[in-house]
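I've put the structures underneath this note.
Paired with chain B in one complex and with chain C in the other, chain A is shared by the two complexes that follow.
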Partner chain A sequence: MRTIGFKLIRLVIVVLVVTFICFWLLKLSPEDLVDKIIPVGSEAAKNKMRSDIGLNDGFFVQYWHWLSHFFTGNLGYSYLSETGRTPVGESVRQSLPISLELMLGAQILALVVAIPFGVVTAYRAGSKFDGASNSVAFGMLALPSYVLGFVLLLYVGAKWKLLPTAAPAIDSFSLNPLDNWRYMLMPVISLAVGQIAIYMRLLRSDMIATLQEDFVTTAKSKGIPDRRVLFRHALRPSSLTLLTVAGLNVGALIGGALVIEQVFSIPGIGSKLAQSILTNQLVAVQSYVAVIAIFYVVLNFFVDIAYSYLDPRIRHARAAA
Partner chain B sequence: MPEQPRSETEDIVRSLATDERRRDVPPDEASLYLAAAEAGAAPHEGAARERLGLGAWLALIWLGALITAALLAPWLPIPDPKNDKAAPALFSHGPTLAHLFGLDGIGRDVFSQTIWAARNSLFIGFVSIVIGFLIGGMFGLLGGYFRGRTGAVLGGTTDILLAFPPLVLALTIVAVFDQGLLQVTIALAIVSIPILARITRASTLTWSDREFVLAARAQGGKHPRLMFREILPNVLPAMFSIALLGIAVVIVAEGGLAILGAGVGPGTLTWGTMIAAGQSELRTAPHIVLFPCVMIFLTVLSLNYVGDVVRKRFDVRESGL
Partner chain C sequence: MRENNRPRRRLIVLTAVFAVFAVIIAACGGGSSGKSSNSSNNSKPKAGGKITYGLEAITTSFCLPSAQLSIAGIIPAEAVYDTLTEPDASGKTVPYLAKSVTHNSTYDQWTITLRPGISFTDGEPLNAAAVKQNIDAWRKGLLLSFVFTDIANVTTPNDMTVVVQLKRPWVVFDGYLWSTGRVGIAAPAQLNNTATCDRNMIGTGPFKLKNGPSSYDPTTGSIDVVKNPNYWRKGYPLLDEIQFKAVEDSQIRTTQLQGGQLDVEQDDTGKNLNTIEGLSNISVEKEPAGYRELGHGLINVQRAPLSDLRIRKAVAEGTDRNALNQINNAGKWDIANGVLDSKVLGYVSDPGLPQYNPSDAKKQVASWKADHNGATPTFALATTTDAIVQQLAQEIQSEMKKIGINVTLPTPVLQSALINDAIAGHVDAFLWRNYPGLDPDGLYVWFHSGSTVNFNHLNDPEIDHDLDMGRITADTSKRAGFYSDLDKRMSSQVYNLWNWYETWFIAHNNNVQGILGPNLPDANGAVGNDKPADILAGYHQLIGMYRS
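Let's turn to the complex of A and B:
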């Protein structure tokens, strides 16, 4: 319990620091913020924006306003439309679930493919199958997700017409995976391929070491079938390494998802972010980035908790060794 | 020195810095895992190869040819990449003998664009990793060597930067400071600093405990000598292989930034901007996007391969433990 409390305090500190950096980065902008965001707007619109952000207040007062608004769900505005402003919070609520589905789908697909391949290549280390899958995995590591995305888009989408090449706009985009899988399948595959390679190679090397341990020999000598030894006995310790790396890897996954959304025009948070960058909506950029960063930090917190929950003994074992 | 009771805040600072409580696998080991996994090699397999294989030669030849072509681009007999010379009928035309990679939407030669883009893409990759290593490596070396308060402060600083998903931080920086070659290079350098610092720190930790360092200290060696003459030469080979991987990661990230609209901007040719510009014509003129994609893939593959060979030759884990 003490460790969870400790981790919570840590989480709060990190969230504060992260939001502060998000806020501070915008202040570093060399140009005048208002002119950059509304270059052709009327003076009235500019004044409206100044009062929205509280640009006339002191630095820490502004930060406090921004932070308290942020955590009460007011994420600022996008000043794109001629008539005024659209709230960023609303678009986060709409787009975030789509991005989550994309990332979760990719993560699940990656594990579903990587675990059997990793286990079998470790079991048959040195075989032709092992060599071939390692070469394929090496190639997959060098394949940026967006490159694969373009290839899929071109062949599966445009040439063979198996799947639609463009997703509908956010208002008509169904959040139900059973409805939207036709739009999500190619992005999920593009995003998963790099992860598959990482997990597979990692699991393989980890399992090769595990398979030499005494408890595996014991299990085998008891007459337990190989398949059961591999997936029940030997896989368990490796799952912790897998979890660690999956946690560390979420940062890369988020970055990949943002780009992939843009490639496949999936109306997730990445597309929204890109759109805001394109139109210089820096207040919106700031809020999107803060949301993504907090999501990342909180996710790492849960990975952390899951880790100590799964095996509290390892720390002591490793400390003793 | 006697163990002194520590306050809660000290605990937090310490944990922010060293992250020892965060996961049961020490995080530095975990980041080594991840680095090695991304490098495409099993972390525990360290058998040094006697000779360079065919793959390594192919990778070196590709990189050599690419770097030569990029450096000599102004003197090569290739059309001006920014000058539109072809007849309008040939706009977006696919590959021909006269134009090996075809023409883009306004009649410019795609082959000469890829060569000129290689200059900037390689520049971004190389320079940002060099900056990242000068700063991050110094952080890591100092943090791994001085484990007390200095280490805690340095570790805390890098950890804060690590709380952002890397690509998200980079694109925020570019969005705030505007597009440009310099901005992208610096943004990617900043993003790489904490990652490289972590890896350097992990490597420094394993080396600074070795007997020869102790021996040098017993002979009266001062801190700078121990760090730069004893530890650094041993850390460098592993760092070199990580640097090669880092360049690959940065080249891919540049493409991602360009797709998200936070790249070097449309005026400067990189593989990323070529992809971003050709994206809208993927269906009608796929060669405009696919050739830079192929360049990225082959370059990343080669860098990973060479990095892997270097890493296996100087395996820090095998020789350090």
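Let's turn to the complex of A and C:
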């Protein structure tokens, strides 16, 4: 528990640093923030925005206001017109679950495919199957997700019409689960392919090392079936690197999702972030980036905790310390 | 160990492969993607059904007095709002929501009489007070205030009549009551609440927001509208629902149309038309000559070095417009030399735009450099995110480099941001299309000094004179003379680099018909004898669309 307490304190510090950097980045812009966001707005609209953001306050006061608003769910506004402003928090609430579905789907698909292939290729290291699998994995690594996305879009979606090329305009995610998955499958595959190759290669090399360990030899000598040895005895100690990389790879998934959401017109947080960048909505960009960064940091916090449960050696070492 | 367990290994591999394909098969088994087979173009119109309409850009506000509507915003606005007038197939302006629009002998007083018995979708009646409130709001709007600056006052002598007194004659004022669909009549309830005006779309139009303001997402441009059951044009609209969806990349829009996720889409790229014409399940309606916009490089003439005529001439002489037309349009669109389409009043076949001549372009650049201590002329070419636009920009950058001009390509932005930056004067030049045909008085707001939407930031007394005289002169042949002069002045001064006549088209699945709509209403509101305009800068009627 003490370890988790320390990790939590570290998490809070990291979150504060991350939010501070997100806030500070906005201040680096040499242009007047208000003119950049609403270049043709009336003075009244511009003054309203200055008041919203508290631009007349000092730097740290502004940061404190922004931070306190941020953690109470007020993420600022997109000033998309002279008279109207759209709450970023509302956009995040609508778009984050969509992006999570996409990233979670890609992560699950990548692991479901990569784990059996990683185990089998390690088990048959040096065989033709292993060689072929490695070659395919390198090909998948070299294929950018957006290229695969466009290929799937053009052939599977537009020409063969097996899957829809885009989600419906409104209420895309109030569909029934099967329809929902029809819309998400091509984006998920596009995003997962690169991850499959990485995870498979990592697991293969760790498994090869584990299969040389004494406890594996002992298990085999006891007559335990190969499948049980591989999946019950060898896989768990071999999966620490995979877990670490899976956690770190969320960053790559977020980056990939940003592009894939554009290709497939998915109204996720990546699309919203891209639209905010392309319409100079810098306050919204600040909040979206902060949300994504915090999500990333928190996720890796849980990955860190999961180590202890996956590997008793770490748990015992921490207890002894 | 390896030899004894081959069946298990196979099982593991097969399990993994099965896991992948099971997901794919399960997903593919959800039914077709909505695509339909070919259907007859002569099918009988029928009511019902829903379509998804692909728009080329996001619109961030529908508070019409202050909104910045490109065609991507005009089409959904047309679904919710009616305009007082409309153009017919001959290009003449005819009453639409108004029963009649008449003028006095000197064209400085216009009387608008409304049709009786029409209500907004919130139940409020359409009356003179509501129309006056709209016109007064336009006069105060950020972008429309200049458009209607010639209005002196608006009065309502009775509940169904609005009188607009002008400061000077305006012979085609009735055309501005349409303004390419930008000035629909909004309900007072929408205009009165400035906090919700941008999203709470309420009009008298054929459709209304499905679930109120939440049916419009200004961050994605999606709008969901359903049939207005009390629409004043009896029997219309035919569709029950339209979902508008903004897809800014034209090639992705085409792919979604092909895949069946869009039923209708708007486009102006000849390259995409080439693709679409090869698809058996898609039909296309194209706009005719006389209505076309100009595809062009828009120049802010107040910003150096493009403020110098030598550099503007060099840009024109250094640009291979045929190469650009090939990239953007597969060479399908006609090259343009002036601001007026071939059938527009005042058209001149050769208004004096400098033609492709790289060697002379280099001389112009050398002359400019001699006056600027040998500095290299540099300007930024702003673009939207569309992939084809990016190719165009790179080609222009390459061509300019050959004549000694440095072109930088800033980070692409969405159309709405580009318009904002252009109005604010923050851009040197950008790739654009505008200036649809019909009456050339429509050019007034784009080129007259002092106009908010004078993206070029022109301040040319000759241009102002031609625009002013064209506006107040009733004699058609004299008006033609003013607009010919304007055309020549624009081209010889290279205020814009004209590329081609942008031919808008509406591409639609064969099972969606009625794109041009029924004949316009007569004085009693019944279907009359006047045919509606063809596709006009992407504009077309929505009420007659149906699923066959």
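Simple rule for what comes next: the second predicted complex is superposed on the first by the 301 of 321 C-alpha atoms of A that agree within 3 Å, B and C clash if a C-alpha of one lies under 4 Å from a C-alpha of the other, contacts with A are read in each partner's own complex, and residues count from 1 in each chain.
Rule of thumb we're sticking to: a contact is a pair of C-beta atoms (placed from the backbone, for glycine too) under 8 Å apart; a residue touches a chain by one contact, two chains touch by 3 or more.
All values reported here derive from a predicted model rather than from experimental measurement.
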| item | value |
| --- | --- |
| Chain A as common anchor, with chain B and chain C clashing or fitting | clash |
| First (chain B), second (chain C), both or neither touched by A:V263 | both |
| Dominant contact partner of chain A by residue count, chain C or chain B | B |
| Chain B versus chain C as contact partner of A:V147, first or second or both or neither | first |
| Touched partner set for A:F6, first chain B, second chain C, both or neither | first |
| Contacts of A:W64 with chain B and chain C, given as first, second, both or neither | neither |
| Touched partner set for A:P39, first chain B, second chain C, both or neither | second |
| Partner chain in contact with A:R201 - chain B first, chain C second, else both or neither | first |
| Partner chain(s) touched by A:L278 [first = chain B, second = chain C, both, neither] | both |
| Touched partner set for A:D304, first chain B, second chain C, both or neither | first |
| Identified clashing stretch of chain B versus chain C [20-28, 272-280 or 308-316] | 272-280 |
| Chain C-contacting residues of chain A that also contact chain B | 153-154, 158, 165, 262-263, 278 |
| Interface residues, chain A side, partner chain B - complex | 3, 6-7, 9-10, 13-14, 17-18, 21-22, 25-26, 28-31, 137-139, 141-144, 146-147, 150-151, 153-154, 158, 165, 197-198, 201-202, 204-205, 208-209, 240-241, 244-245, 247-252, 254-256, 258-259, 262-263, 270, 273-274, 277-278, 282, 285-286, 289, 292-293, 296-297, 304, 307-308, 311, 314-315, 318 |
| Interfacial residue positions of chain B with respect to chain A in the complex | 8, 11-12, 15-16, 21-26, 30-31, 33-34, 37-38, 40-45, 160, 163-168, 171-173, 175-178, 248, 252-253, 255-256, 259-262, 275, 279, 282-283, 286, 289-290, 293, 296-297, 300-301, 304-305 |
| Partner chain A, residues of chain C touching it in the complex | 1-2, 5, 8-9, 12-13, 15-16, 19-20, 23-24, 26-30, 32-35, 52, 58, 60-61, 63, 66-68, 142, 194-199, 210, 215, 217-220, 222-224, 243-245, 247, 249, 252, 255-256, 258-262, 385, 412-414, 416-417, 420-421, 423-424, 426, 452 |
| Chain C-touching residues of chain A, taken from the complex the two chains share | 35, 38-42, 78, 80-84, 86, 91, 109, 112-113, 116-117, 119-120, 123-124, 129, 153-154, 157-159, 161-166, 168-171, 178-179, 181-182, 185, 189, 220, 225-227, 262-263, 265, 267, 271-272, 275-276, 278-280 |
